[in-house]
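Both complexes shown next keep chain A, but they swap its partner, so chain B is in the first and chain C is in the second.
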Partner chain A sequence: MSDYITMIIDDREVKARRGEKLLWVALDNDIYIPHLCAIKEEKRPNASCRLCFVEIEGHNQPVTACTREVEEGMVVATRSSRVDRLVKTGFELLLSDHNLKCRECPANKNCSLQVIAKKRGLKLKHHRFNPLKREFKLDDSPAEFAFDRSRCVLCGQCTWADRFEAEVGAIGFTNRGIDRVVTTFNDLPLADSICTECKLCVDACPVGALYYKKDQNA
Partner chain B sequence: MSKSDPQSIYENIKREARLRVESRQEKPLIMVGTATCGVAAGAMQVKEDFAREIDDKGLDAEVIEVGCIGHCYAEPLAIIAKPGFPPVCYGNLDDGLVHRLVEDFLAGDDPSYEYAMAALERNDEFPTFEDFPRGVYEEKLILEHCGYADFSKIESYVARDGYSALAKALSEDPKLVLEEVKEANLRGRGGAGFPAGKKWEACLNNGKDEIYVICNGDEGDPGAFMDRSVLESDPHLVLEGMILCAYAVGAKQGYLYIRAEYPRAVEHVRKAIEQARTKGFLGSSILGTNFSFDLEVFQGSGAFICGEATALVNSMEGRTGMPESRPPRLVQQGFRGKPTVLNNVKTFAYVPLIINKGAEWFKSIGTPESPGTAVFSLVGKINNTGLVEVPMGTTLRQLIEEVGDGLPEGSQFKAVQIGGPSGGCLPESALDVPIDFDSLHEAGAIMGSGGLVVMDQEDCMVAVARFFLEFTQNESCGKCTFCRLGTKHMLDILTDITRGEGDLETLEHLKELSEDVRDGSLCNLGRTAPNPVLTTLRYFYDEYKAHVEEGRCPALVCRDLILYYIKPAKCSKLCNVCVGSCPTEAIYTRDDGLKAIDQEKCVKCDNCRKACPTEYDAVLRLSPPVLPGEKERKAK
Partner chain C sequence: MQLLKGEKEEILACVKEVLGENSKTHENLIPILQQVQKKLGYLPALAMDKIAEGLKVPAVDIFSLVTFYNQFRLNPPGKHEIKVCMGTACYMTGGDITLESFERRMGINEGETSLDRHYSLDRVACVGCCTLAPVAVIDDEVEGKVTPTRVDGIMLALEEDREDNAIEKSGPKVGAEDE
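After this line comes the complex of A and B, so read on.
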């Protein structure tokens, strides 16, 4: 059995390593699929942001590209009315719980949500869903960076960087359901936790929830 | 045959067990139903009362605890087996009735049939449960001995051929167990109905070194208590099923995942495991063979989501109980990364019966696609609440009208909710749907774990959908976007509708969001959470419409859309009852002596309506919340 397979994504023939996940194959070939939570090194994908839906021939439902291993002869379409509908709803749901003051955000023009909006023609506005009214305390205890949970999309990029790149384990997910947040053990300010302020988590954050104070606009 | 083959070893154990059981039958035996349902109704007090009365009279009789016979509406109940009489079951027991039964039946010879529910054996004097309509439709396979046998003693299980299926299987090739279960087309009773045999086979093929067998006893649907009852009332049946499965797939270790909210089930199962080990049905070299398997109880900590397979495994491995994307499936990579068979309590309970009586027998019950029986907990507006077991293919109408003895007087059937928070609400027109995995799915509901709630004209379908959604939203683990945020927005929209806010567009919006949550969520909690909303929208759209278009709740349930009004023409000057019942002093006496409600103070607690004597029935609920006078004024 060869290590490589041939498949079709959006009418294009693509070669890929057997066993690789569809999302990365597409991205490596400059075919865009929206995503927030996917981490290439992670063996079992998080599959929690639910934005990377695609259609695969032979499947009667859109599937998430991050969880799907490529196969010989697989035929994939990254767009369809069903895919677009799910992505739109998922995206709007995330926005309903996201601080949309982009102009004040340090990640403005460097934000994954803005990329998704641009690529998929979606608006960065509250449209169908009323914004959830929630109050989060800003954690600006670290010397060079801060954590604003009102922008957090719970993608898990920071916790991965903290645990597997920095190997510190200062932050993680806590609480359940709508109250799920990223925080430190016992909800301490970052500076009082075991955080080493290595800032790998800041670099990993796709949306400006973790940001450098020097980039602050407001 | 050598003396050390499993059959002979088993026969010896059985002989001993029979002797012990028979010796107990020489004196009167009082079996008090002390499953959780019985205990909640006061069974422990009844047991004490029996013991005290028997002691006072100096009688020689034994009082023991048994599980639940399924007639929960009549708890606390007990079965009296006195030599020379058929065993008789008595319900709604209290100290007075216990006194009388001991005096007349145990000391005397009068079984007091006027207080009896039914006899358990055919006789010339009193009907048995089988003689009632419920008994005609019911076919008890896994519930057969629940509530009729001493769950605390393994000999009561062995004496009725318990573990004989294991002895039989151990004398043969493990493949035969698998073949029999596959041939029987036993479908998983956890809700989805996946064929158990296929699951086992996949596991067997994937397992090179280690395989685990896990029993899912994390039953968490509101209103469902089938698994609890089986675990509490007949734990050895489940254990035997698991051991047979382990033998078929070659597992050495298994676990029963039981939620901590079921302390009695945990206690009974732990005791049963101890006993099974002592007798050699569990542990190393089971029944003298070289097959070894052991079981342990793992207690869940109360998260509904842990009934989901991957979340259950995460929780057992010490991680947060949250689901993972599948594949890999559990049969490929389950507990500790090894292939794992995870089946529901009831699924395992069928296995010993199938091995003993054969796949053909099993397939002769139920429908070709869904053989066997279905166990339901009947609750809601129905006369006979409780646990029932009927062949698959029985219609909902038969189940509600015959087995459950219909709705109480004055109640008009409106909907039946099947499958708990993941299930759907079906209307009158769907009552002739046969109960099996596929037909229910087609109708928009699911078999689910088997909760069945009957609703009448006083249940608001919007409020019902909101109730179930509030449950799932609360139980969402928060991992994925659609379930975490989608169910929250669905709940907010439903709350608005119960307040009369919104329009037809809101309903369309709710439907679209529900469909997207169904299609977009990571696990089955999110994927099925919209079912109650989608089915009520499909079958009871007019009721939703009345809420948003007219500000009216047809069932008079949604508080923001009703007001309380005392109709002067019906009220009496001579009566004051409602005034005293009001907790907020909202009711006052008018100049003419009749009563009226100060709407500003009224909190709509319903006390006055309940308090108003039936001969007046003067307190009305009006929806939309407009007083009669106001309406006329507005009309002008």
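After this line comes the complex of A and C, so read on.
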């Protein structure tokens, strides 16, 4: 058995290492699949953002690309009417709990949600789902960065960076369902927690939830 | 929530005891939390912190788990425990309005305890007497058809009890042992 396999993504023949996840194979070959929560090093991906759906020949339902290992002779289509519908709904649900004041956001023009919207022709607007009314207090206690939970998409990139890159364990998910939020032990401000302010979480944030204060547009 | 005098020692002793009885593995986390809650009535931040230390996991992981499950409470049970039913029948007949009235009158949110620990407010799924909806349970006694006016009546009784208590012991005995 060789270490490499060949497969087809969007009518293109692609070589990939055996055991790799489909999402990363596609991205390495410049084939775009929307994603927020995917982490390459993660053994068992959460698949919680529900955006990386693709069609695989032989499967009667779209599957998440981040959890699927590539196989020899696999035939994949990244777009179909069913995939687009799932991604659109998932995206709109994410937006229903997202602060859409992009012009005030430090991640404006450098935001994963904007990329997804552009690539898939989706609108950054509340349309089908009424926005959730959650109130958050801005946590600007750290010296160089701040955390605005109204922009958080709960992807888990920051908690991963905190846990496995910085090896600190200051932040995590708490509560359940609609109240779910990323926070510190006992909901303390970041500066009062065990956070070392290494800023790896800020670099990991795909949106403008964790941001450098210097990037803030007043 | 501020800890009362002597409570800190009680918590530390309790956590130490429970950790001693269980092997400190990740699988035992929920049983450990349950045992601590059974002894203390709730899970104070200090206890969560010490359990995290014992199991060598980040404290925020414990906090995450405790806030996920309904069976764990973060605030001490009050002297009077008020539970408002949010089952289907109670919800449809205005259980949320009842809960809101309690929250407003007590000045606390659902799941919290008043600062003097006189009363605590919680929601429950179904008490089993849907014909009386909306239902509230005050110290194991079921109150049916609880309208906001009835909430005022219930609160009046609780406030009277609090005043009687205040005469007995003058001055708050809340110590500044906050961790």
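Quick notes on this structure:
Convention: the second predicted complex is superposed on the first by the 218 of 218 C-alpha atoms of A that agree within 3 Å, B and C clash if a C-alpha of one lies under 4 Å from a C-alpha of the other, contacts with A are read in each partner's own complex, and residues count from 1 in each chain.
Throughout what follows, contacts are C-beta pairs under 8 Å (C-beta built on N, C-alpha and C of every residue); 3 or more make two chains touch, one makes a residue touch a chain.
Fair warning: this is a prediction, and the values are worked out from it, not measured in the lab.
When both complexes are overlaid on chain A, the residue A:P62 reaches chain B alone and has no touch with chain C. When the two structures are aligned on the shared chain, A:Q216 is found in touch with neither chain B nor chain C. Judged by the touch definition given at the top, the superposed model places A:F53 against chain B, while chain C stays out of reach. Applying the stated contact rule after C-alpha superposition, one finds that A:G90 touches chain B and leaves chain C untouched. With both complexes placed on chain A, chain A has more residues touched by B than by the other of chain B and chain C. In the superposition on chain A, A:I171 makes contact with chain C only, while chain B stays out of contact range. When the two structures are aligned on the shared chain, A:N108 is found in touch with neither chain B nor chain C.
By the document's definition of touching, of the two partners only chain B reaches A:L132; chain C does not. Comparing which residues of chain A touch chain B with which touch chain C, the overlap comprises 173, 175-176. The residues of chain A lying in touch with chain B in their complex are 44-51, 53, 61-62, 64, 67, 82, 85-86, 89-90, 93-94, 96-97, 128-130, 132, 154, 173, 175-180. Within the complex, the chain A residues that touch chain C are 163, 168-176, 183-186, 194. Against chain A, in their complex, chain C makes its touches with residues 45, 48-49, 57-64, 67-68. Taken in their complex, chain B has these residues touching chain A: 303, 320, 324-325, 473-482, 484-486, 488-489, 492, 509, 512-513, 516, 519-522.
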